[in-house]
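Below you'll find a set of structures to go through.
Here come two complexes built around chain A, the first alongside chain B, the second alongside chain C.
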Partner chain A sequence: MLRRQVGALAWVGVLGPLLALVLACGFFASRTDRFLTADNLSLVLQQVMVVGVIALGQTLIILTAGVDLSCGMVMALGSIVMTRLATSAGVPVPLAIAAGIGVATMFGLANGFLVTVVRLPPFIVTLGTMNIAFALTQLASGAQTVTDVPPALAILGNTVTIGRTSVVYGVGLMLALYLVAWFALRETAWGRHVYAVGNAPEAARLSGIPTRRVLIGVYVLAGAVYGLASLLSVARTGVGDPNAGTTENLDAITAVVLGGTSLFGGRGVIVGSLVGALIIGVFRNGLTLIGVVSVYQILVTGILVILAVAADQLSRGSAR
Partner chain B sequence: MRAQVPIPRSFMMSVLHIALVLVALTTAPAHAHAPLPIIGLITKTETNPYFVKMKEGAEAAARENHIRLLTGAGRADNDNAGQVTAMENMIAAGASVILITVNDAKAIVPSIRKARAKGILVIALDSPTDPRSATDALFATDNYRAGMLIGQYARAALGRRPAKIAMLDLFPGHPVGAQRHNGFLKGFGLLAPDASSVALGRPAEVVCMADSYGDQQKGRTGMENCLQKNPDIDVVYTINEPTAAGAHKALVAARKEKGAILVSVDGGCPGIRQVAAGELAATAQQYPVRMAAMGVAAGAAFIRTGHRPSGYTDTGVTLIAGRPIAGVESKDVKAGMQSCFGDR
Partner chain C sequence: MTVLQARGLVKRYGHVTALDGTDFDLQAGEILAVIGDNGAGKSSLIKVLSGAHAPDEGELRLDGAVVRFGGPLDARRAGIETVYQDLAVAPAMSIAENLFLGREIRRAGVLGSVFRMLDKRRMLDDSRAHLRDLGLAVQSMTQPVETLSGGQRQAVAVARSAVFAKHVVIMDEPTAALGVREGAMVLDLARRARDRGLAVVLISHNMPQVFGVADRIHVQRLGRRVAVLDPRLVGMSDAVALMTGAVPAT
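Moving on, here comes the complex of A and B:
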């Protein structure tokens, strides 16, 4: 019964952003006939796939009342590891991909270990690992863009034609990841534990939930997800870019907050983060189509973030 | 309990969400769509005065040629993904020509190739892609020559004193940074890689090198560290004028501003004022307005006649010096002020 109510309540948090997204789409569609075409919507999805996947990992961590500032940088490091190995080191592509995802996962493990075992605050831990990942990215790449990436490494950037619209594989991967995460968080014991740890860690521990293991697991999983985002990033640009990650870092946290997940943990629906990422993408795309400079997207995003956090805070205040 | 949250309040917030979105949108300037052909201009960032000026030049040329101009930019000086997104969105908006000042000469190449495969004309403005052949054409300052001009000037101004040079560069791997750097060495009469190299030459006379990212604060830090390394530096090359301003602050703090010849590249109005004030000995001025106007005109010609421009077009560079030196051709501050960009 309670579980149902909490579920329903969390969906209300998604409804607001969803409405904002639909209205924004309606607005752009009314201003230009180029917006609401299958090709353009596919393009928007393709443009948000990297941030969308990073935001998925980020959501898991924020649900446990943590935050991960290293997400974008870990993604950048993963993509440099993959591309460097596959080009100058001549490592076979599947192995290079595994190594890149492995490095990202190790960062997740390090974050999780420091947060749960050493008991350092996530904000500080990930601030540290963010800088470490950035420095390693620069060192591993020699601050140079890695080019001549084997096509197999960018395979997720290839398109499949559905109807008459071409959609990149990466978008399919992103949607599949969200589906899996949504199911796991909603229907499995592990998922309920993640919410419980974020809601009231002490109560969760006393009720027999292995809180440390759940927490470490979440960070490791998030790291692996950033590794997949690395692969998407390579697919999207066709290179290993040592300067990637800076905008993705904050955009991912922004997407999670826009999607209605509470920064205090324990509350939120994972699909909301996808909606959040899409809001950013739709504004950027739509404003360009109607000929308005894209800084307005950053302005609107800023306003929406404050509204989303305010809504969360207000609803918490009245719950007391 | 958490389950007690009053739902209507959340809905009110949602409504507020939407109201604000609409306010933000209706106050944003939107152009009614006329059936004009479209050209997209993508700059490094939206706010840098150099690119603001470039945008003005492009807008004027667009009006003249009956073109609708879309503009976009990366979010920061090295944001490649942002430029890729802007390019895709402009093509989705119907642009058949893209003018772009690339943030990452290599990283943007696969995306440009995709655009050109769709028949889009892509012209690089200001700096080349790597390889240069990735775009149809390049309209830019000859940065190697710009470096040579200030190198020659610094050599002449130094006279017989032995050269101890500090070089405050852009960041590793950027062709413009390398061309200005190596051009400077060449102009100074030192051993230097040619214009096609991305590696930075480092003869013995160069006693210190630092990356400034074209930023005033990093320029200052770089100069401070160089002075720690060698207090006798007498020539300072800077990648641009904000870097030079930072370097000047460091020199003043160390009371060395009289003993060092500071040179730079750009020709922005604040930079020309630096020359007028004697902080900067000389700067090589480039012309973003001309660059953009030529790009738009070439794009308009392509749209109307199908003619694809190709190769490299030099958009000019002039040495602006506070004090003319015999044997080195230069123009004065007044001439520099007339064609500078940024706040006069």
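Moving on, here comes the complex of A and C:
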């Protein structure tokens, strides 16, 4: 009985964001008939999938008390690498995809190396790699959108029809990734170690956890996940967009924070980040539907983040 | 039976000689208190014993065999657990998670080997059993450690060491930050660990505490062991006199 109660406690962190999501949906549903339709909700999912996947990688890093400002730019670079190789270089699609994911993973490795071995603050490291990734993206694309992408590269943008609604495959990939991450964080020793490294690095080290290896691993994994997000970005837009990633960059961090993961590390539930990404998506979509111009959408996102961080801070204060 | 023995340990930090040829002897099933003034080399001695620092000279024997520790992990693998003052636990994690941190148990079969699944039930049950054995009353093993009092947290850290130590538990000022009642609870854990046959090293500044719980007292002064006392035969003032050098060691 007691055990069940406390076990459920871990989920309390997600209940707040979930409630916010339901309230937001309720609000927009009451303002317009076009919001709560299967087609529109499918569209929201499709709009959210890139940010959602980036937020997954970001969550891993934030759980270790780090932060990754380069996430969106690395994603954009990955998509340019994929599309350029598959178009002008004529590289077979699977190889182009592997190269794109590989480049993103290398960025993760570089971030992880600088954070754990050179011991630089994650904020500074990823601020640097963010700019590097952005510059490389512009150079590799000549600041031009890469078009005429082979259909095979955008295959995750194809749809499957469920009932009378079509859902893109990419959404399935996003949900699958969250399922895997949720399992790994909750059910494996690796997951425990990620939380421990974020919550109490010294205690983790003294417990015999290879803290550096865990940290580097998390950054590398996050990089690979951004690479998968590159693939989703290409699938969603059908092109290689050198200016992709600018909104996703901060949206991903926003999603993680809205999802209840503490910026101080060691606390949070990965599924919360999916909920956070959905909150952002629902607000963007809903505000558009009721005719609010996009500047106000950005304004609302900004307010949401500050509210979420404040809530996190206040709840920590009362827990101590 | 001597479990851990050191002869002629020397440790220098730059020009400072922290350990100047100190000896050390620890028996199974005893609580050995280590006392000494600031700068006597207590913490250096403990760091060498727990594997945190390597001695410049001298020899360390565990169960009669010479050992060299490359780090705290080596010492831990050899059966020496150390309770650090306050760095020992992850506050946001549960009691059971903390007890098994870094030595999680996986499930049997494919779930464990391929899917790497943890055996949470077993770790919970084991934690409960271990804490009960040590006489520690905690409501729930899934409680985050940060919801516990300072003494209970320290007790979890001590329990963790006592459960996994094969030979030696080193406790560095385990009650320094605790109230009287909670301190007594932690010391009780030390007694129980001893009664289970472990050798316990207790570093403490608190003389009444040392005399209340220790079986023998190692007095450290100016980087050397100057005496080993039996608290039943020697008074507190004599121990303090030896510690400060007011009485020369014989």
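As a convention for this text, the second predicted complex is superposed on the first by the 310 of 320 C-alpha atoms of A that agree within 3 Å, B and C clash if a C-alpha of one lies under 4 Å from a C-alpha of the other, contacts with A are read in each partner's own complex, and residues count from 1 in each chain.
What we mean here is this: contacts are C-beta pairs under 8 Å (C-beta built on N, C-alpha and C of every residue); 3 or more make two chains touch, one makes a residue touch a chain.
Note that the coordinates shown come from a computational prediction; the quantities given were computed from them, not determined experimentally.
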| item | value |
| --- | --- |
| Which of chain B and chain C A:I303 touches, first, second, both or neither | first |
| First (chain B), second (chain C), both or neither touched by A:R267 | both |
| Partner chain in contact with A:L206 - chain B first, chain C second, else both or neither | second |
| Partner chain(s) touched by A:T126 [first = chain B, second = chain C, both, neither] | neither |
| Contacts of A:S70 with chain B and chain C, given as first, second, both or neither | neither |
| Which of chain B and chain C A:Q144 touches, first, second, both or neither | first |
| Of chain C and chain B, partner touching more chain A residues | B |
| Partner chain(s) touched by A:R236 [first = chain B, second = chain C, both, neither] | first |
| Partner chain in contact with A:R192 - chain B first, chain C second, else both or neither | second |
| Footprint overlap on chain A, comparing chain B with chain C | 2, 6, 9, 199, 266-267, 319 |
| Interface residues, chain B side, partner chain A - complex | 1-7, 9-11, 13-14, 16-18, 20-22, 24-25, 28-31, 33, 46, 68, 70-73, 75-76, 78-82, 84-86, 88-90, 92-94, 103-107, 109-111, 171-173 |
| Contact set on chain C toward chain A in their complex | 72-73, 76, 82, 84, 87-94, 97, 101-104, 106, 115-118, 120, 124, 139-143, 146 |
| Residues of chain A that touch chain C when the two form their complex | 2-3, 6-7, 9, 183-184, 187-190, 192-193, 195-196, 199-200, 202-204, 206-209, 266-267, 319-320 |
| List of chain A residues in touch with chain B within their complex | 2, 5-6, 9, 12-13, 15-17, 19-20, 23-24, 27, 31-32, 34, 39-40, 43, 47, 50, 142-145, 147, 199, 233, 236-239, 241, 243-244, 246-248, 266-267, 284-285, 287-296, 298-300, 303-304, 307-308, 310-311, 314-316, 318-319 |
